[in-house]
Structure formats: C-alpha cells, structure tokens
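Paired with chain B in one complex and with chain C in the other, chain A is shared by the two complexes that follow.
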Partner chain A sequence: DTAAFLPAPQNLSVHSTNMKHLLTWSPVILPGETVYYFVEYQGEYESLYMSHIWIPSSWCSPTEGPECDVTDDITATVPYNLRVSATLGSQSSAWSTLKHPFNRNSTILTPPRMEVTKDGFHLVIEVEDLGPQFEFLVAYWRREPGAKEHIKEVRSGGSPVLLETMQPGVTYCVRAQTRVKAIRRYSAFSQVECVEVQGESLPL
Partner chain B sequence: EFRFGSCRVEGVVLPELWEAFQAMKHTVQAQDNVTSVRLLKQEVLQNVSDTESCYLIHALLKFYLNTVFKNYHKKIVEFKILKSFSTLANNFLAIMSKLQPSQENETFSISESAHRRFLLFRGAFKQLDIEAALTKAFGEVDILLTWMEKFYQL
Partner chain C sequence: LRKCLISMDMRHLEKSFQEMKRALQNKDTFQNVTILSTLETLQSTKPTDVCCMTNNLLAFYVDRVFKDHQELDPQILRKVSSIANSFLYIQKTLQECQVQSRCHCSQEATNATRIIHDNYNQLEIRSAAIKSLGELDIFLAWIDKNHQKTSGA
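And then the complex of A and B:
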C-alpha cells in the first residue's frame, strides 16, 4: 500500500499582497497518485475561546494544488491559524499548521496602477480597481515653481475621475497611493505621471 | 473607524459585520420564542453619552464574547453558520482589544452609569432560561450593531 503512511504537507507559508492572501505548501508527491489537500482556519476568537474548533476553508476543502486562496476566510484584522492535511482515498495525513499566525495587516500594499489622461482641458485619472476594501489618495500639481499640491480621495478604482480643468501650456503631474481602512495602512506613492494640453488660452 | 467618546477603534469595517450577521439573522431569530422580552431595551442604549459609550460597549462586547458566543457555539455548529459567526466574533474581539476606557476618577460616575445600563441588560438576560437567553441575545446583535453605527465614521 503506497500510502500506508501519508506525510503531512510541509513548508506552509502565506503570501499576501493587496489583501489577497495565498497559503502555499510543499506538495506531497506519491508517484502515480493524485493527492488532495484540506485547508482549515481559526481566528483569534476560536483559538482563545474554543481552540478545538477549526473551520473548513471556503475554496480548498478539498483542493488539488499545493496552494489555497484564503482571502475570503480572513475576515477580521486579528491573527489567524491555518492548517493543511493531505488525503489519498480514505487516507489522511496529520495536520500541518502554519508556524506563525497570519494577520491581514501584514499584507504588502503596492502603489496603484493608474492612467492619467486629458479629456479636452480636463485632467482625468483612472486608478486600477483592487476591490471594495481599497481607497486611493491622489496628489496632483502644476509643474512650476512654488506650485501647491492638491489632494483628492478616490473611494474606488476602475472608473475615471476628474481632477482639474487644465490651462493650456501648463504641465500637470499626478501620483497616487493605495489605502486600506480595514488594516489602517497605505502603500508607497506611485510613479509620477505628467500631461500637458497644447493650444491657445481658454475662450472667454 | 469607531469613536466611542475618546476610545477610537480603527481596522474594523462595520458593513462586514452587518453582512456576517445578516447571513445568520433569520436562522437565529427564528429560534427565539420569547417575543415579549427585549434584552437590549431602550433604557440600556438610549441617550448614552459619548463618554459613557466606551464603558458600555466594552462591557457588552466582553459579555457577548465570554458568555453569549461561547455558550451558543453548539447551535452555531448545528446551524452550519460557522464562517459568518467567526467573522462576527473575531471582529468583536478586534474591537474590544482596542477599547481602553479611561480609569480616571473624574469619569467614575460615568462608568457607573454605563455599568447600571449593562446590569439592566444582564439582569434581563438572567431572568430567562439560559437557552432562551442565549438565543435572544444572539438574535439582538442587530440592535447592538444599529447602536454601534452611531459611533462609526467611514
């Protein structure tokens, strides 16, 4: 019986970027066999008040690949325990538990991708849509000595936002930053993008 | 964020709590046969000053975490609403862990007022049979969330 003893998955770790949390582990390899995995989680409440309680992951009970998107399971900004077990037919391995509990406030926040365009004399920005938890802070200014930086809060990405009516011959620059209230953190600013509108001065 | 007087709590998204409770509400409230009683009655939650609110929410959340959720968990498993319950409980825990009600002398009378409100709630809870009390208290989380909403700013 090739699976008399089914080893538990090893090397569990969580890779989290922009509030997308991916649990990965080293696959259990048995030649000619397909091993499945079950993933379970418990939040701080469960581990403090009822540590025997583990909740099956939304998408990986079971799953075939050595990874699991646990984003929908991590729904509070508290430490979460995660564990994985391998199964082959009726055989199940021991549980392997993530060494350190995962808290979503450790997610890596990247500067948002954005597109700065001109719509006639209008300076317009569209920031990528990263999901409902994301807001953006957009800074824009006229590229000239002593220019003041203006700030605009953009509540969600994925749609164009008017920043300002531009004056011909003046260059306007923009940069943006991601904000996630659920974890009280924000990303670095994006690269600066500048645009200029050609043409005569504005009609009276 | 929540602002219960001087107590500020960031990192909790109230709509996520509502979503979690809505997923359980019908199942839980359908079990409540004692319709003539309300635990979180008006005398408990009405006209609560900002300063008082931090003391009151701390006492209420502590009771819910230590007593209601803990003892109602078998039903949660039975009703198969573990995920939504976990979201609610862990967010309540996140809120409570960030609340630091002031312990200074000048706020003693305020904390006493909040404590009397909490005792009203707990007294009503103890009047009922434990199963009925747990069911009713859990079913009244929407009343609690509605009150908490007053102190929430987007």
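And then the complex of A and C:
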C-alpha cells in the first residue's frame, strides 16, 4: 500500500506582500498519485481561549497545489497559527504547523506604482488599486529652488486624482507611498516622476 | 485629557457581521428578549465613559460570548473568528489608554455593564451567546458613533 504512511508536508512558510498572504510548503510526492492538502488556521483568540478549535481555510480545504492564499482568513492584526495536512483517498498525514505564528503587520509594503500625467494644465496622478485597506500619501512640488512640497491623501487607487493646475514652463515632480491603517504601517516612497507643460512661463 | 479613540476597520467588522446575521438571528429562540438593550438607553454616553464602556463590552464578548458560542458551520466560524480576533486587537490598543489612566469608569458605565451581564445570565448559556452575537450590530453601531476617528484595525 503506497500510502501506508503519508508524510506530513514540510517547510511551511508565509510570503506576504501588500497584505496578500500566501502559505507555501514542500509538496508530498507519491509517484502516480494525486495528493490533496487541507489548510486550517486559528487566530490568537482561538489559541488563547479555545485552542482545540482550528478553522478550515476559506479556499484550501482541500487544495491540490502546495500553496494557499490565506488572505481572506488572516483578517485581524494578531498572530495566526497555520497548519497543513496531506490526504490521499481516505489516508491523511499528520498536521504540519507553521513554526512561528504569522501576523499580517509583517507584510512587505512596496512603493505604489503610479502614473503622472497632464490633462491640459492639470497635473494628474493615478495610483494602482491595491484594495480597500490601502490609502496613499502623494507628495508633489515645483522643481525650482526653495519650492514647497505639497501633500495630498488619496483614499483609494485606480482612479485619476487632480493634484494642481500647472504653470507653463515649470516642471512638477511627484512621489507617493502606501499607507495601511489596519497595521499602522506605510511603504517607502516611490521613484519621483516629473512632468512639464510646454509654453512660455507667464510673467508674474 | 485627549479622548481615547481606537482605530478599527469598521467596514470589515460590519461586513463579517452582516454575512452571518441571518443565520444567527434564525437560531435566536428568544426574539422578544434583548441583552444589549441598555445600550439603546446609553445613546448619550458621556465622552469620559466611552473608553470604559468600550473596554467592558469588548471583554463581555471576548471573555464570555465568543467562548460560550459553539459553532459547527465553517462559514459562520470564520466570521466569528474574524470579529473575535479583531476585538482582541482592539483590546490591546485600548490597554495603551488604560496604562495612561484615560479609561475611567463612572458609576453609570458600571451599572450599564452589570445590566448587560445580568441580561446574559437570565438566559441559558448557548441561547445567551447566540442572542449576543445577533446583537453585535448594536455594539458596532455604538462603537462607530462614539469612536468617530475610526478607519482601520
């Protein structure tokens, strides 16, 4: 019986970027067989008050590949335990548990992708849409000595936002960072992007 | 004395609740009884009582309701877990206020809390837990009203 003993999955780890959390593990390989996996989790509440309770993951009970998007399961900023079991027919392996609980406040926040454009004399920015938990802080300024940096909070990405009416002949520069209040953190600033409206600079 | 405001993802909490509300309220066998009724009478909670009431009600849910509720449906279990862990996080952020002694409890707040626990004790434990879960919207609305600077937890 090839599966008299079904090994438990090994090398569990979570890769989290921009509040998307992916649990991965080393596959259990049995030649000629399709092994499925069950993923379960418990938040800090369960581990503190009802440690016998493990909750089936939203998307991976079962799943075929050696990975599971647990973003919809990790919904609070507390440590979460995660575990995986392999199954083959009626056979199930032991549970393998993530060595260290995962907290979403450890997610990697990348600077946002943005597009800075001119709409006539209007300086416009569109930041990528990263989901409802993301807000953005946009800084913009005139590229000239002593210019003041202006700040604008953008509540959500995916749509153009007017920053300023530009003066012809002046270069305007923009940079942005993401903010996630649910974990009280923000990303590094993006690269600076500059644009200029052609034409004579009007006399003051 | 700066008001003790907490940051909370109300949108997610309310969504989690709405997605289980019908199932919970269908299991509520005592429709004409309420546990959080006192909150309707607390419409004008004094600002100085907000932190204490928030703390007391979070503890009510974390230490009693979620523990007493036994759930077999994984869908409901996920929603309850999401709210329970969010409340646990909020409790931690409120502890910072307590350390700075900005979470004073007046007699009125203490009485209101005791009434809630008394209401809970009147019912059989599972029924009381189901009813309290079904009344989470009352508590969430009260939090939303009294912690205006809410946005993400």
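Note that in this section the second predicted complex is superposed on the first by the 199 of 204 C-alpha atoms of A that agree within 3 Å, B and C clash if a C-alpha of one lies under 4 Å from a C-alpha of the other, contacts with A are read in each partner's own complex, and residues count from 1 in each chain.
FYI, a contact is a pair of C-beta atoms (placed from the backbone, for glycine too) under 8 Å apart; a residue touches a chain by one contact, two chains touch by 3 or more.
Here the structure is a predicted model, which means the values were calculated and not measured.
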Chain A as common anchor, with chain B and chain C clashing or fitting: clash
Partner chain in contact with A:T75 - chain B first, chain C second, else both or neither: both
Partner chain in contact with A:K181 - chain B first, chain C second, else both or neither: both
Which superposed partner A:E46 touches (first chain B, second chain C, both, neither): both
Touched partner set for A:F121, first chain B, second chain C, both or neither: neither
Touching partner for A:S58 - first (chain B), second (chain C), both, neither: both
Touching both chain C and chain B, counted on chain A across the two superposed complexes: 42-46, 48-50, 53, 55, 58, 73, 75-78, 133, 181-182, 184
Residue numbers on chain C that touch chain A, as the complex places them: 7, 9, 11-12, 16, 62, 66-67, 74, 77-78, 81-82, 84-89, 151-153
Of all residues in chain A, those that touch chain C in their complex: 42-46, 48-50, 53, 55-56, 58, 61, 73, 75-78, 80, 132-133, 180-182, 184
Footprint of chain B on chain A - complex, ascending: 42-46, 48-50, 53, 55, 58, 73, 75-78, 105, 133, 181-184
Partner chain A, residues of chain B touching it in the complex: 1, 10-13, 16, 20, 65-66, 69-70, 73, 77, 82-83, 86-87, 89-94, 97
